[in-house]
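Think of it as A, B and C in the order they're written, each chain with its own count starting at 1.
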Amino acid sequence: MLSRIAPYLGVIALGGFALLLPQAQLSGQVMSLATGAVIYSIAAAGLGFLWGQSGQLTLAHSSVFGIGAYAAAVGAKHFGLDFVTAFPWSIGLSLVAGALIALPSLRTSGHYFVILTFAVGEVITVIEMRLESITGGVNGITALPGAQTLFGLRIGGRTDYYLVVVGFAVVVFLILLALIRSRWGILLRGMRENEDLSRSLGVNVALHRLIAFALAGAVAGLAGHLYMYFVKSIAPESFTSHLSIIFLLVVLLGGKTFLLGPIIGSVVYVFVPEFLGLSPVRSQIAFGVILVIMILLAPGGLMSLPGRAMARLRARKKTA
Amino acid sequence: MSALLSTQALSKHFDGVRALGPVDFRVDPGEIVGIIGPNGSGKTTFFNVVTGFMRPTAGRVFWQGADITGVAAHRRARLGLVRTFQEKMVFPGTSVRENAQLALIQRGMRDLSDAAVAPALDYVGLPLRTLDQQAGDLSWGQCRLLGMALGLVLKPRIVLLDEPFAGLNRIAAALVTTMLRRLKHDGIGGVIVEHEMSLLLPLCDRVVVFANGQILAEGASEEILKRDDVRAAYFGVETLARD
Amino acid sequence: MNEQVTVFLQHAFNGISMGAVYALIAAGITLVYGLSRIIHFAVGELVMLGAFIALSVWNWSGEFWLGLAVAVPALALIGLVTERAVFRFTLREPLTGFIVSLGLILILQGTAVEIWSPNPQYSQPPLEGSWDVAGVLLRKQAVVNFAIVVAVLALCYLVLMKTTFGKSLRAVSDDPGAAALMGIPVRTIIMTTFVIGSALAGIAGWMVLTLGLITPFVGAIYVLRGFAVALIGGLGNIQGAALAGIGLGVAESLAAGYVGPGWTDAYVFGAVVLILLWRPTGLAGGSEGAKL
């Protein structure tokens, strides 16, 4: 029984710890970085779920994240929507976008599909740039929503918004955890491991893949929404494939099969350059190097290292 | 008696080259049919087309008299038409338990406990201590058994087995033989593609010989090998042709 | 000549000269993929580096052609180094190679920003002016570029078809295992294709420079076009890449000329998506994409 609920308790405990962080009287800058890291970890968790569980990789994840952000921004600027009332739009649109991106995977697979997702992402970027009357074109949108509170927390307040974001993250991670451990999770991993065998056992691979993409899209859209209300100003160049590579890096850093991998990954991604005082360009180079090293030497991610070390120790004991 | 599974002038072309057909084939309920033939004679293509993994270029597939030519592979599996694979037999990256659980889910079972998983492994003679192992770490023979267990959990009306003895040592082959006899006993029909004729022939009610994508001959196991054209096609070409 | 025809031919010429660059990039992609099954996504950054190296050499020496002469061996060297340092460890797992190339994008792009600043750089190639053929203006530089591409691709084709090296290379592409058994040094051949593919990107980079404007971020433009061309031409198929490259260039130029330049990318990539959905292995036929 305990082993069944332990992972959920783990997520809640981690969330509780994150909620207590502001008590440490951290600087405003650290709180901002932490907020960004949590938002990234939510978006990356969507990709991590898709890649780690169903084995599907997409380079359009950043575009779907962008669709969530744009929906929130356009909603605030043109339609008078606020933090809460824009949610159905940002999540709904990104969910649909996620499912649409999955459609080619029903016809193609492997390399062809990954490159297609890249092309789709580029098309979305062009649309964001060209639909100037709605998206503001290359300059993007600056949306300054009015003062608003959620459960007594100010959406515009630095510490308050951090708490809001952590709250959403806990909910998302709990849902993903439940899905990973569900019957559906078993089906997804089966599709990842052997698609033909899944079909021969009666699994509707196309349908489940579509749902998985839609879910990943909705999670990315939620994160994009949170991102928009965090930075309050967005432009197409924020959501290019470059960001998809960053999400991929974040997932890979932590470990793609671990639910909490994206948290480790995004904390490393956001805070390490800050502590080392690296310029954005230098940290980009450094993370490129880290990405290459990780995929070659520790493809299971940082979270797989303790397990691997244990296994190696055990093997050594056996031979000794 | 109406056929459980049958095909009518089924054929498949790749880039204009005929790989299969036209083939008329039938299996009756509970019947076990062996398919032999040299490599490249269209046996695996036949499997792929019948199970819906490939679209036929022409011809029809019938299930209990109903046309299922356009039905998706996973739906055919749900009808009770299940296949195994020659090489990618299991879900390698997950545990044996989770492999079996997936099949149980597809069978519509609510209970996924070890007690529910056990009968499936028992049926094919796979030891329960393998539950926690990664399926990809099993021996080749155990993979084969697990692969069959997954298909059989669905309680199929018929299983199509693609070279069930390939790569097995004698002990593993004996286990597979035992399991196949059990199928027969339980009234599950089978179509078995196999090279190892000494193992195949005793299991089958009927043998069909494929050559150049078509049915060259068919008949009872003991008679089929006496035919000269079969011996020529099978033994003559076998040593020369290669997939 | 009818004015409309002239305008059309002008767009077509512009498209052909642009498409030649795509064909060059795609040929490199196709070669590398054909042998290693690796999707080398950093090829756009190789093009970008080729352009910047050529520009720097040109600025430093004052010799325009020296830029090309240096950029090509420099890129070949980068190809060699990346293959030896990382890609050779990823041959068993092509997805790993693909992710490595994503890492290389970050590294190469960041390095270019560090060296050359993120600002756009303009260049004015010395070969100015155009030839007027029946009202169609053929930019001299574009004609030269096209001639170079034709020569280079023809050379690649001849090497591939006529030489022992080319035969070995095709053998490895067909069946690496069998090629190894026949005593063909598979690993060396794969390494060589990385060198050649990068060198082709170097030539393409120099041509991009002759088009006018470069930034460290132009890579994304060329990687997608390069892969679109390679995919439509059929991965592993050089002639297919050449034809598809010209086709994409012309289609782009016509779309820009008749519909307006703003949406060109969307049309072109939308069309690419549709074509690949219609014919998943490309129009000219090629190998199936391996499962990821």
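FYI, a contact is a pair of C-beta atoms (placed from the backbone, for glycine too) under 8 Å apart; a residue touches a chain by one contact, two chains touch by 3 or more.
Quantities reported herein were computed from a predicted structural model and do not represent experimental measurements.
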Connectivity without chain A (remaining chains kept where they are): B | C
item: Chain pair whose interface holds the most contacting C-beta pairs; value: A-C
item: Centre-most chain [mean C-alpha coordinates]; value: A
item: Longest centre-to-centre distance from chain C, chain (CA-based); value: B
item: Chain centre separation in whole Å, for chain B relative to chain A (CA means); value: 42
item: Whole-Å gap between the CA centroids of chain A and chain C; value: 32
item: Mean-CA-position distance for chain C and chain B (Å); value: 46
item: Chain A residues within the chain B interface of the complex; value: 183, 186-187, 189-190, 192-194, 196-205
item: Chain C-facing residues of chain A, complex; value: 55, 57, 104, 107-116, 118-120, 122-123, 126-127, 130, 195, 240-242, 245, 248-249, 252, 281-282, 284-285, 287-292, 295-296, 299
item: Contact set on chain C toward chain A in their complex; value: 33, 39, 86, 89-90, 94-96, 98-100, 102-111, 113-114, 118, 220, 224, 227-228, 231, 235, 262-263, 265-266, 269-270, 272-273, 276-277, 280-281, 288-292
item: In the complex with chain A, residue positions of chain B that touch it; value: 51, 53, 72-75, 77-78, 82-85, 88-94, 98-99, 101-103, 105-106, 112, 147, 150-151, 154
